[in-house]
Each structure stands twice: as C-alpha cells, then as structure tokens.
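The two complexes that follow have subunit A in common; it is paired with subunit B in the first and with subunit C in the second.
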Partner chain A sequence: MTGKHKKVAYYPGCALEGTGHAYNRSTKAVGKALDLDLVELKNWNCCGAMEVKNIDPKLQTYLSARNLTIAEDMGFDTVMAPCNGCYHNLKKAEYDLANDEGSREVTERLSSKAGHKTYEAGKVETIHALDWIKDSIGEEGIKARVKNSLKGLKVANYYGCMYTRPRHIFPEKDKGPGSESTLQPHFMDDILAAAGAENVDYPLKTACCGGAHTLSDSDTSTKLVLNLLTTAEACGADVIATECPTCHTGLEMHQVRAEKVLGRKTSVKILYFTQLLGIALGLSQRQVGVQENFSDATDLLHEKGLV
Partner chain B sequence: MSERIDWFLDAPDGILAADAPELADELLAIGEAVLERWLVAHDREPTDAQVEGFRLLALHRQAAKGDPSFNACRESCRELVYHRNLVKDDPSAEDVVRNLRFGAMVARHLILFIGGKLENSGLGEFCCSSRPLRQDETAQGSARHL
Partner chain C sequence: MPIHEKSLIRPENLVTHEHLELDGIDVSGHWSTFIESREITDYNEALQDEIAALPGGEFIHRCWQCGSCTNACTVNALNPDFNPRYWIYLIRMGFEDELVRDKDIIWQCVSCNKCTYACPRDVFPEGVMKATSHWLELKGYTPKSPAMVFDEEFSSQVFATGKIEDGKVLRRFFARTGQSLFQDWLIALVRGLLTQLPVSLLMKMGLASVFHPRTRNWDAASAAIAEYVTERKEADRRALGLDTQGAE
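For the complex of A and B:
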C-alpha cells in the first residue's frame, strides 16, 4: 500500500485554522519531514458541518462538492482532510451524489448559480490524515525515519465516532487485511507503534465524547469525556492521541471542566497523533505546536526523554 | 448501576476472578437494563429478541430504529459483548480481571451516554450524522432554503 498519496490536495477546514491550529501546524510539519507534498485547496469553503448539515443536508452536500470541484480543477484526484468532521462530510457528499438524485439536482443548481462546473461523484477521493501517512509512508517507512523513538510512551488511541460512522460512506474500509476497520480502527495504532509508542488496549476508542453538545449540554459532555480520560488512565495510558480537532478540543476543555465542576483531576495528556509522530521524526515541540495545546504535555515529554 | 460499576473497578482482583463468568453476565445485564430504561422512557416495550445471540444488541437495534443518533453507542454495546465473551470463553485466563474491568468501563460509558440522551435527545447526532440520510423531513428543508 505504500507509495500512494505522495502529493495530495489539502483541505484543512475551519477547525484547523482555529481551535485545531496545532493539528494544522503538526500535519504540515510531519508532511514536510516525510517529504510529502500538501497543496492547500484554493479558496476552499466550510464543508457544512454542524449547523448547515442539520438544517439543510443538501446544501451541505453542495458545499462539500464545491471543495471537491476545486481539487479536481487543481488537477488532483485525492483530497486529504485531517479533521474527522470534514473528512466525514466530504465522504458523505460523495455518497449522496452517487446515490441521491435530489442531492445531485441541488448541487447542479447551486453550482450553476455560483458559476462553476458541477462536481461528479467519483472524480476525487477523500482520505484522512491517517490514510495519507499510512498509505504514503507505511510502518516500515516510519520506522526508518524515526530519530526520537516514542519508546516508553503509553498511548491510548482515540478515533472518535465520525471516523468510522456511518459505515456505508466509507466503502474502502472493512476490506480485510491492510484496510482500515470501522469496528476496530487501527491505523493510528499502527502509525504510532511504528514510531515506537506502546499502544494500550483502549476499549473506548470510538465512543462518543459528546463533542457536538459541548455548549448546549456541557454537563453530559464533561461526564462522557471524564470517563474517556479515567478509562485511558485505568488502561495505563500516559497520553490520549487524537485525530480530530473536535474530539481534541472537547477532551482538553472538559478535562479542565471536570476538575473545576466535578472535582475530578485526571493527569493523562492529550496530543494530536501528528504531534507525537512529529516528535518521533525529530521535530521540536514548537514545530508541532505542543505549546498550543491546553493539556500541557511538556513535563511528560521531558520525563520520557522526548524533548 | 453506577455504584455497581464503581464496585467492579474497585473490587480486589481475587473477588472478581472468583466469579468472573457471573460478573461478566451481570455487566451485560446492566447494559440491557440501561437500554430498557431508554425504551420504556419512550413508551416502547423492550424486546426479548436476540441479535447475533445477544439481547443487548437486539435492544440497541430496537432503540436505534427511527433515531439514528442512537448508533453513537453501537460500538459500546458491541464492546460490552466482546469483553463478556472474552471472560466467558476462558474464565481462568490470566487477563480475566482486566477484561471484566474494561467491560465495566464500557458499561459506564453506555450509562453516561444513555443518561445524556434522556436529558438531551440530540446527543450523538453530530457523530452519527445519518439522520439526514434517513429522514425525509430534512429533504424538505432543502426546498425551503433554495
């Protein structure tokens, strides 16, 4: 599987330019360290997550389709989206356009109004940052490039829910050996293990963190996150590795809130998997944006001899 | 139920190991009880059917019908079954206590998720995201906005 995706169109999405800035920084830094080319989509727009999707799913399909059209116009057949929400929405747009006549009609109408061609399903493949690294470099490639092994660092890999759900919009998964699994995802485990980390067996890797309800129902989100944190600690993890800015922000914010509101302090750190991989590749804390996280992992990284 | 989960997490290894198969079944029963409460709260009679040999999975399927956001706890249910099976398959295995505790942690997440959904039915909608794929009213929303 290695060798694919050496040069891909990059769709950071809104979160990576805001709360997920450290993910943006570390993804770009890892790409550079691995000699992979990321070419950001020109004039990209919101993928239609959250409000748009809930109010008007066909408009969301169009918004995501427009991003795919831009990638096609730029000469790419692959878009890489590190955010689970963006990745999910681009995949869902592909599904809708391939399976729903109504979505096709709306996309055609809005594309015409906007003055660009209508995106046709199947022209561009959407991949996640995990696919990008796994397929382009592979575990052996990572092992060969590790300068600062994560050996001794115990990691709970948290994939969140959107990376695998709903199953039917990810036809490339669950294809057996070598493919990603929706029920037991393992690409992040594979990548970080190749970087030397010790992955703990974490039974809540796809459990809901209540991320979408962090404002409307903070107490529930805090309880769900606290359970994710305490379970990771009970599994022996030093760190929860994330691959989604919504999950990451939710875990960090509610870790603080759990301590303040529920009086329950947890010490597990939260880092993007790209930050951990970047450190393993010899990048500095600053280059992967560790200082931008709420969850201050500096002491842990020092303790493990990683910085 | 939460207190019982705490007991699983705090009990000495020897106590858990001694009754591992029964305790594994108890965790599954806790999961069923949680889903039953959800269904009863929504005026539905909990099914006694089984899916893949488990009532818990049948109850989950029943609860998710018409409410796709419920699928956000699908893997938690399956994970609970998985840990129960590990314990029952070999009650004398070295890691039997660990599997019981993992099962308890998953059960706790299920309790929290369902509890959250009882207070806020939208919980799980963002991640599940299949609502727009399955419900007609959202299609009508498009016409309204375009």
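For the complex of A and C:
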C-alpha cells in the first residue's frame, strides 16, 4: 500500500483557514517532513460543512462537485481533505452523484449556470489525511523517520462522527485486514503507535461531540464533550488526538464551558494527530502550531520530554 | 404496527379512582388507574407525504419500526423523550397533534448519523429528523430554531461568497439569537488564546474579518444557487399546501 498518494490535491476548507489553523499548519509541516507533496486546490469553495445540507442536501452536493471539478482540471485523481466535514461531504457528493438522479440534475444545472463543467462521479478519489499518511508512508516508514518518540505519552484517539458515518459513503472501508473500519477505526491509532505513542483503549472513538450544535445547543454539546473528556481521563489518557477541526474546536470550547458553567474541570489535553506526529518527526512546537490551540499542551509536552 | 403506547399512558389520559368496585371486587388505590377509551379523529392523512416531500424525508415509508435508530441515538441517551423511532411512527400514522407535542426538542438532533448507520431499512432517519424540523417551522408550529438560524447564517455566507469566515458567522449568530458575545466561558477561552497566539496569526485573523475571504468568480454560481433556493422553498411550501408567497 505504501508509496501511494505522494502528490495529491489539497483541499484545506474554510475551517483550516480559520479556527483550525493549527491543523493546516501541522498538516503541511508533516507533509514536508515526510516528502509528500500537497498542491492546494485553486480557488476552492466551502464544502457547506454541516449547515448547507440542512438548507438543501443537493446544494451541498453541488458545492463539493465544484471542488472535485477543480481537482480534475488540475490533473489530479486524488484529493486530500484533513477536515472530517470536507472529507465527508466530498465522499457524500461522490455517492449521491453516482446514485441519485436528482442530485445529478441539480449539479448539472448549477454547474452550467456557474460556467464550469459538470463533475462526473468517479473521476477523483477523496482521501482523509489519515489515508494519505497511512497509504503513502505506512507504519514502517513512520518508525524509520521518528526522531523524537512519543514514548510514554498516553493518547486517546478520537475520530468523531463524519469519518465513519454513514457507512455507505465510504466504499473503501470495512474491507477486512488492512482497510479502515467504520465501527472500530484504527488508522490514527496505527500512525501514532508507529510514532511511539501509547494508545489507550478509548471506547468513545466515534461518539459524537455535538459539533453540529456547538453554539446553537451549547448545553447538549457541553454534556457530550464532558463525557468524551472524562472517559479519556478514566482511560488514563494524557491527550486526546483529533483529526477534525470541528471536533477539535468543540472539545476545546466545551472543556472551558464545562468548567465555567458546570464546574467540572478536566485536565486532558487536545492536540491534532498531525501535531503529535510532527513532534515525533522532530518538528518544533511552533512548526506544528501548538500555541495556536486553546488547550495549552506545552506543560504536558515538557513533562514528557517532547520539547 | 406497535400500539400507540406513549400517548396512551400520558398523565392526562389516566384516571385514578379513590374508591372503585368492579363486579364486587375492590380495585381502588394503586390498581385503580385506568386508561380512558377515546376516539382519534384528527389524523392528517397526508403527513407522511408532507415529510417525504421535504429534503431528507424521502425514505420514511421504508421504516419498519425496529427501533435501532432510537437505540443508537446520541440525543436519546441524554433525553429519553428524544425518540426518532416514535416520531417516524406518528408521522406514518398521521398523528399530527401527537407529533407537535415534541416540537421543542426535535430540532436538537446533532446529525451524528448513528441512526442512519444502524437503520436496516435505509430510512436515513437523520434526514427525516431534519425534514421534520423544517416541517414544524413551515407549518408555523415553532419559530426558527437556533440551529436553523445558524444554518441560515452560515449558508447565506457560502452562497454569497463561496467561503465563510468563522468570526463573522459567530458574531451574526449571536446577534440574531440575542446572545452576548461576552459570556464567561467565551471570555476565558479567548483570553487563553490571546496570551499564546503569535502576532502574525492574530493579524491574519483580524484581516480576515475586514477582507472577507471569498472564492473568485463566484457571482454566477451565487446567482444560480439563489435561484435554486427560491425554487426549492416554493416547492416545499407547495408540498405542504401552503401559500408560496410566504417563502422568503
């Protein structure tokens, strides 16, 4: 499997240019450290995140189709999206364009009015940052490049909702040995274990953080996040590794809110998996944007001798 | 079809008799609670079709009431009254009044798709929840939920410029829902960040709120989307037998 995806089209999405800036920085830095090439999609548009589908799901499909057309026009057959929301939406668009006549019609109509070609399902494959690293470098490749092992760091790997659900939009998952699993995802565990981390057995890997209503129904989100945090602590984790800017920001925000509103303080730190991997590859805290997180992990990293 | 259990055992449908004898047997006290017989005449026979006509609700007819969706549901675990399986049942039976009783919580679905993952019939219950929230608003049973206000704020920025700027979505959402930006926890959050962030990034974030990020040559796409949205809204209202003029 290794050696795939050496050079891919990169779709950062709006979140990575805003609150998820540290994820953008660390993803690019890790790519560089691993000699993988990212070419940003030219003039991309927002994928619609979790909101546009609630106005109309077919519009979401069009928004993603436009980005896939750009990848195709730039000569790529693979687009990498580190944000779970973007990844999910691109995958969902592929599924809907292949299976739903109505979605195809709307996409065709909007594309022609917007003045670009209509994307045809199957021309571009969407992968997540986890696939990108797993398939191009692999665990052995990571082990060979580790300069600053995460040894002694206990990590709860948190994948969230959109990386695994709903199952039908991820045809490459659940294909047995070697493939990713929707029920028991393990790619992040594999990557961080290769970087030396001690992964804890975290039962809430794919539980929901309430990200869809993080501001509109804060009490629900705070309860869900608190559950994720206290369970990670009970599992002995020092840090929760994330792979999605919405989950990441939600965890950080509601950790503070749980303390302020519910009086429940938790001390587990939250870092993007690319930040942890970057540190293992010998990058500095600054290079992976540790200071851009709300959840200040500097002390933890010092304590573990990682910086 | 399972019995219409929940509404039968509601407090207002129960009658307690202090002293009651039936066929010479004293059934008062704890055992004297009866469910009064009643007739239901207020069906909306079109209810399933109305939900099915809204985006996300298309496959509601496939439901066979196994309960996997509710069993898997994130929000149900926090609040047992949040019950997608039950709502789908009410919709399919046309029990509009019963459905409307839960109007204030249906919008709380967090779109985790656990129901959709678990559903053996490809009902896509997450979509049904969204369709039902829209239906409640369109029929005038509920004001716009905060979640819908957020979706609208977010989407209108995407439709206008092709991209969003987090800060602007946040500010506009707080303004529209009448919340203060100066809540304890938000202040604590921002203060923590300001002491750590590099100046260059702060400047970049500040600039983003002045020069809003946008996708180049987006105008034609924006116009096409606007036209589609208007059409869609009219179609939704028509499907519910509502005056299309009310569409914004």
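One rule holds in what follows: the second predicted complex is superposed on the first by the 307 of 307 C-alpha atoms of A that agree within 3 Å, B and C clash if a C-alpha of one lies under 4 Å from a C-alpha of the other, contacts with A are read in each partner's own complex, and residues count from 1 in each chain.
Just so it is clear, contacts are C-beta pairs under 8 Å (C-beta built on N, C-alpha and C of every residue); 3 or more make two chains touch, one makes a residue touch a chain.
Being a predicted model, the structure only gives us computed values, none of them experimental.
Student: Quick one: on subunit A, after the overlay, do subunit B and subunit C clash, or do they fit? Just give me the call.
Tutor: clash
Student: Is A:234 touching anything from subunit B or subunit C once the two structures are fitted on A? First, second, both or neither.
Tutor: First partner only.
Student: Which partner, once the models are overlaid, touches more of subunit A's residues, subunit C or subunit B?
Tutor: C
Student: Using the superposition on chain A described above, determine whether A:15 touches subunit B (first), subunit C (second), both, or neither.
Tutor: In the superposed model, A:15 contacts subunit C only, not subunit B.
Student: Is A:253 touching the first partner subunit B, the second partner subunit C, both, or neither of them?
Tutor: A:253 sits against subunit C, while subunit B stays out of touch.
Student: Go through the superposed model and pick first if A:59 touches only subunit B, second if only subunit C, both, or neither.
Tutor: both
Student: Under the stated touch criterion, which partner chain does A:165 make contact with: subunit B (first), subunit C (second), both, or neither?
Tutor: Touch status of A:165: both partners.
Student: Scan A:92 for contacts with subunit B and subunit C and give back first, second, both or neither.
Tutor: first
Student: Taking the superposition as given, does A:207 touch the first partner, subunit B, the second, subunit C, both, or neither?
Tutor: both
Student: In the overlaid three-chain picture, which partner chain does A:223 touch, first (subunit B) or second (subunit C), both, or neither?
Tutor: After superposition on chain A, A:223 lies in contact with both partners, subunit B and subunit C.
Student: For subunit B, which of the listed stretches 19-27, 55-63 or 91-99 runs into subunit C?
Tutor: Answer for the clashing stretch of subunit B: 55-63.
Student: Taking the stated contact definition, name every residue in subunit A that is touched by subunit B in one complex and by subunit C in the other, in rising order.
Tutor: Residues common to the subunit A contacts of subunit C and of subunit B are 50, 53-59, 106, 109-110, 161-162, 164-166, 207-208, 210-213, 216-217, 220, 223-224, listed in rising order.
Student: Spell out the residues on subunit C that touch subunit A in their complex, using ranges where they run on.
Tutor: For subunit C paired with subunit A, touching residues are 55-56, 74-75, 78, 108, 110-114, 116-117, 124, 126-127, 130, 145-152, 154-155, 158, 162-167, 170, 173-174, 177, 184-185, 188-189, 192-193, 196-198, 201, 205, 208, 213, 215-218, 220-221, 223-225, 227-229, 232.
Student: Across the complex, what residues on subunit B touch subunit A?
Tutor: By the definition above, subunit B touches subunit A via 9, 68, 71-76, 78-79, 83, 101-103, 105-106, 108-109, 112-113, 115-116, 119-120, 122-133, 138-139, 141-142, 144-146.
Student: Tell me, which parts of subunit A touch subunit B in their complex?
Tutor: Checking each residue of subunit A against subunit B gives 50, 53-60, 85, 88, 92, 95-96, 102, 106, 109-110, 160-162, 164-166, 183, 201, 203-204, 206-208, 210-213, 216-217, 220, 223-224, 227-228, 230-231, 234-235.
Student: Can you list the subunit A residues touching subunit C in their complex?
Tutor: Where subunit A meets subunit C, its residues are 14-15, 17-19, 21, 43-46, 48-59, 62-63, 66, 106, 109-110, 113-115, 161-162, 164-167, 182, 207-208, 210-213, 215-217, 220-221, 223-224, 252-253, 256-257, 259-261, 286, 291-292, 294, 296.
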